[in-house]
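Here come two complexes built around chain A, the first alongside chain B, the second alongside chain C.
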Partner chain A sequence: MPKSRFASFGRFRRSHEFWLLIVILVLCASLGAANGQFLTMQNLFDLLTSYAFVGILALGLLVVLIAGGIDISFTATASVAQYVTLTVANAYGANWVCVFAIAIGIGGTLGALNAIFIQKLRIPSIIVSVATLNIFYGLLIFFTGGKYIYSLPDWFATGIFWFEFDWGKDTSYGVNLQILALGFSFLFTWLLLNRSNIGRQIYAMGGNTDAAQRLGFHVFGLNMLVYCYMGVMAGIASLVQAQLAQSVAPTVLVGKELDVVAAVVLGGASLMGGVGTVLGTFLGLALLAILQNGIILLGVSSYWSPFFVGLVILISVSATAWSQRERRTRSARP
Partner chain B sequence: MRNASTLALRGRLIRLAGSGTIATLILLLVALWLVFAITIGDRFFSVNTLQSMAFQMPELGILSLAMMLALLSGGLNLSIIATANLSGLTIAFLLTHYIPGTQGIAWAGVQVLAIAAGFAVAALVGLVNGFVIAYLGVSPILATLGTMTLCKGLAIGLTRGNVISGFPEPIVFIGNGTVLGVPFALIVLALCALPVALMLNATPFGARVYMIGSNEKATRYSGVDTRAVLLKLYVLSSLLAGVAAVVMLARFNSANAAYGESYLLVTILAAVLGGVDPFGGFGKVGGLLLALIILQVISSAFNLLNLSQFLTLAIWGGILIAVAAVPHLGGKAPR
Partner chain C sequence: MTTFLEMSGISKRFGGVHALRDVDLTLEVGEVHCLVGENGSGKSTLIKIISGVEAPEPGGRIVISGKEYPKLSPVYSTHCGIQVIYQDLSLFSNLTVVENIAMAHHLGGVHTVNWSSMRAIAMATMAKVGIEVDPETKVSELSIAGRQLVAICRALAADAKLLIMDEPTASLTRHEVNTLIKLVSDLKRSGICVVFVSHRLDEVLEIAERVTVLRDGAKVGTFAAAAIDGSKLSHLMTGKAFEYQKQVPDLAVGAVVLEVQGLGRDGDYDDVSLQLRAGEVVGLTGLLGSGRTELALSLFGMNPPDRGTMALDGHRVVLNTNADAIRRGIAYVSEDRLTLGLILDQSITSNVTLTVLERLAGAFGLIGTRARQSHVARWVAELGIKVSDPNNPVKTLSGGNQQRIVLAKWMATNPRVLILDSPTVGVDIRAKDGIYEIIRRLAREGVAVLMISDEIPEVLYHSHRVLVMREGRLTADVMAADTSEDALRQAVNA
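Entry: the complex of A and B
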């Protein structure tokens, strides 16, 4: 028993996630030493709250990437879901269950549309999602005129605040809507990918679609599920973002899709399909969040933040590719 | 009887449409022209309309060429816009700092040197892309995502998001002047498209690019130094982004870290609409130019009809799906 645990640790030690974890720990330690504010509960809660939107989308994209596809239309899906849901809530009144049901329904429908184009018309997923991004977004702005919604229902604007507790004298923390949604998304995605039969099928299909088809997997159904899942995540993320921003801005989400892609691929998911983990995605997201947060806490002008993010992406993907190449050469010449 | 002949006609039409993207695109263009000729009338064919179309096309056109080169090799270049903005800002900075007070040869020299410096920046980004992709084996989408963020970050960090504007006459002419009624920017596009087409179709380098796009491993085993080819290709792609930078800053008479960002996915859309296989190996410059004309015709016509430019975006997306679906509808086996 200890031996197998040792072996699995050895496997973990060689994995992408391990190195990511080391980098994050080093970063955390040095940032904590440099600025006392970094390693505080408040900062942790703030980070989780502000990165919930990207994180939830990243989980949806992770599932799509593992299945061997790609989707970049999710920002447009989120914009549509957000706009329609809160317009309906403003006009007819609603509650939390209602708004989430509507947003999830819209997200799922738009995701299903992607899956149908990809599977039934046999168009590569990258083309479909570039096209649907433009279609969803273009139609949304055409019909709404790009107008912002500032007046949200009161209960929505107040949000959710659970398990409130005090820390120190005048600060209190609680699990808000953003953290709650992020937590549930992580839990559910982990269950889907690691503890369900469907999850194994998604990995297998991403690894080799032809083989999966010949084994009798229902490839169309699986793809439908995967792209709907991405859409559902976009729907949830859109509400989380609207609640945080306290407004609905139809034009601000589109253009952020590559940030989400960056988080997922930093976490080790492969664009070739079949590879990627929930832990890796979490670490990729954490790396980006800590980096951007740390730059601000260190007093560097936030104008320079994308530069450092770009540098880290470039170094990280290069190092990963380099170490994989080294390992291949070593195994080729034992 | 009549039914059979319509069926035959339909079959022939589908076969014609499916016989190549170029044929589909020409049919589509003719159809669009007919529709817009009926709905808009003479105004659609006026010199003014044609000239404004010719002014708007080159930026997207040159950027799409840059994207196309990367796509042909089975890659992707997400950093073209960021590269263009960074090299545009370099040119703009040099122009606004060294032009005032100069005359004659020095005045002309500064402009030439500024543009040269812009190309040097673009080439440098291309070298980084090419090295990371070809020699380190990073997937192109990740590598260029990194350089995209890096270049944009550098541009924002150095300018703090500000606009640099106010350039001398000859520079502004590149974006706004005409030669015999033809916009100079369109001539620049032609001067980019022609050599690229020649390079792809008539040189060993071009053949190697297509081979790499079809099967990189097989190409390497057949004795081609695929890494050198890829490095060169990404430098070329970046240099085209540099040309686009000159056209862009000339047209707006200004440069900024965030110009043209919405073009990024549109360049992929244009290239794929033009028949470039997103997985590499197939695609012609002619197809891309046709796709660009189609996109521009729709955009200009919608403008004349007073329809929102966002509806244009949606229609572009719809057309991309329709054109990509044609081979499948014609009964041809999907790739």
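Entry: the complex of A and C
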């Protein structure tokens, strides 16, 4: 049906994602022109690898935001999951399946705690997650004394490197753990949100909780799932980060929450719930990565990076709000 | 005729308030049944019990298609084919028309989404109802009438046998109402029982076979629509205990206090000119969405107009914020007193003194306890508010007394112009009478009162002059003594 394809392209052209894509293309073109290093395979793979941690967390947060909640405790969850998992792996030995199972289990459990407080006691999710962020992190620092873990199991430190191929003289690329986990997370989250009835229930609940309840949706169960999903993503992201850093540092992850929030909000997800897409989150993540990377490649002091990220968020969110207001006033009265 | 639903002895209490008292209701297969009653008469509560959202007090009996239930749950009642279209429509405005209509597809255990079958379901019901919109548009982009059709489609897609519509016409134009009435008679022919909840009597009589009247939570009776007329119905709804005379303006009606010329705001209202005189109660009525609340907010400085002029005592004023308006002696009692007019968890004292904190402040801007107490005591006595302890939270009071607290809060500012938006919504008839008495007294004291209301008898019998708004324009400005309910109703609906 060419007509409907045309209509759906028309809808895409009016979407937040379309404008994001344009901005990214323009930014890529100009950064590529300014610095030959930018548009290289090397840089692309490096960006994917180093933004895998933020990206995986962003997907978890996307699901929470669509459901109408918010969670910022995920960095503390990730720190706990990382520390416990690799301590266990060091002490008792483990393999990839084991470490992921442990990290996912810890993440899911901590997410479930959030869900219980938010849903059973009806405390706003922002307050609960601020509190649990501090509790999880505080307990971790107390029990570990903030000590780093430098010696990781050999197989973990080596990581994985699939589909290796050579490029040019002496550079080789391959799919590493980070890219694999990022790709898997994107695929799975996309399937959850667009191809499963649960994902659609999450959208509906985020759009109108009362109506969802009236239709007989299991609102508590959905929220439980959503916060557990966030926790699971934090567990996966934590291992990805530890493998890349080749160490476990209990103090370095907490504080990175706002990068994740930035990527998701740039991607068009609404803090009011019900709105946000996996594609948007990918583009938001890409924009964040390109901005931060571009600033470094242009030789601008990296102290400017937060300033530009903030500026871009403000501009993008204002532009969306503005266009929505325009459309509303135009359709208010015929 | 076969009976689809039979309920008897249904009661419901919320805190100390009897929302429903021993109500019976029988609905036949394929009938159009109207449920009428004033605001607060228990219509909405009855619907919530039928749809399983609220459980009735023990002792009631509900029989659906011959099967008895002590109470219902949303899942049971959906299973029995009961579908409610609430006044808010309960749609998911962030999702597409297709997904809203076929939302039931998402229920049940974990499964993959079959988008093409959802689309087929949606297209089939849309064809049945006759809507022509792009099924992939988001519901947020549709008009109110379009959204309502989507809600009806959703109910039909869920295999509705009983379709309850709560105030479906409240924000529709006359033309859209006609389309809806035609649709309802089509549904009836296909064997669906439709319950129409409304307080628009003309529509009720046009569409219904039987009418059940509720008043103050009790059932007055069920009547054949053919055997009843508008004036009898309004008599049944309001009861005869309170008969009001039309208000004849006092000769003392004074100078023009507020004058508005050619006021307009894009998307809200346009070309509005009116005068409010000291000592006069002016009623303003119109449908939801007619622009009446938007106009009132503009007069209170909260919705600045794009065009036109406003003058207070003959001097031109521009009100950019409500602080400007309050300073110039304009007070506004909002429609939704529970969320906008009162801070329910705070004490009566805090609420009553909220608007006059500056005046009560003594040295260093601090407010003495004694000043507060005497201020509150004065207003509690003046308005006859029944208060056991002024330090109790406002939410412990009844609806009528809460409304008086809101009035006290604003009267304490000594307003010259008092705008009341739907001042008697959700209060019972006795409390209404008390509020009317307060309004009359304020007028006698020289305040210019603008009273907005949905209820035509209310504006007719409690104002000196009546204004009607329709589609953003002022369409009538008549003395209450020179008009009638029917004439006003016609001006409102046209």
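Here, the second predicted complex is superposed on the first by the 332 of 334 C-alpha atoms of A that agree within 3 Å, B and C clash if a C-alpha of one lies under 4 Å from a C-alpha of the other, contacts with A are read in each partner's own complex, and residues count from 1 in each chain.
The working rule: a contact is a pair of C-beta atoms (placed from the backbone, for glycine too) under 8 Å apart; a residue touches a chain by one contact, two chains touch by 3 or more.
The model shown is predicted, which means the values in this text are computed figures rather than measured ones.
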Per-residue touch tally on chain A - higher for chain B or for chain C: B
Partner chain in contact with A:Gly221 - chain B first, chain C second, else both or neither: neither
First (chain B), second (chain C), both or neither touched by A:Leu258: first
Which of chain B and chain C A:Val275 touches, first, second, both or neither: second
First (chain B), second (chain C), both or neither touched by A:Gly93: neither
Which of chain B and chain C A:Ile127 touches, first, second, both or neither: first
Intersection of the chain A residues that touch chain B with those that touch chain C: none
List of chain A residues in touch with chain B within their complex: 72, 117, 121-124, 126-128, 130-142, 146, 255, 258, 261-262, 265, 270-272, 301, 303-311, 313-314, 317-318, 320-322, 324-325
Chain A-touching residues of chain B, taken from the complex the two chains share: 78, 128, 132, 136-139, 141-143, 145-154, 156-157, 160-161, 261-262, 265-266, 268-269, 272, 278-279, 308, 310-318, 320-321, 324-325, 328-329, 334
Contact footprint of chain C on chain A as seen in their complex: 4, 7-8, 11, 194-201, 203-204, 206-208, 210-217, 274-275, 327, 329, 331-333
Of chain C, residues touching chain A in the complex: 51, 53, 74-75, 78, 84, 86, 88, 90-95, 99, 103-108, 110-113, 134, 136, 141, 143, 266-267, 472
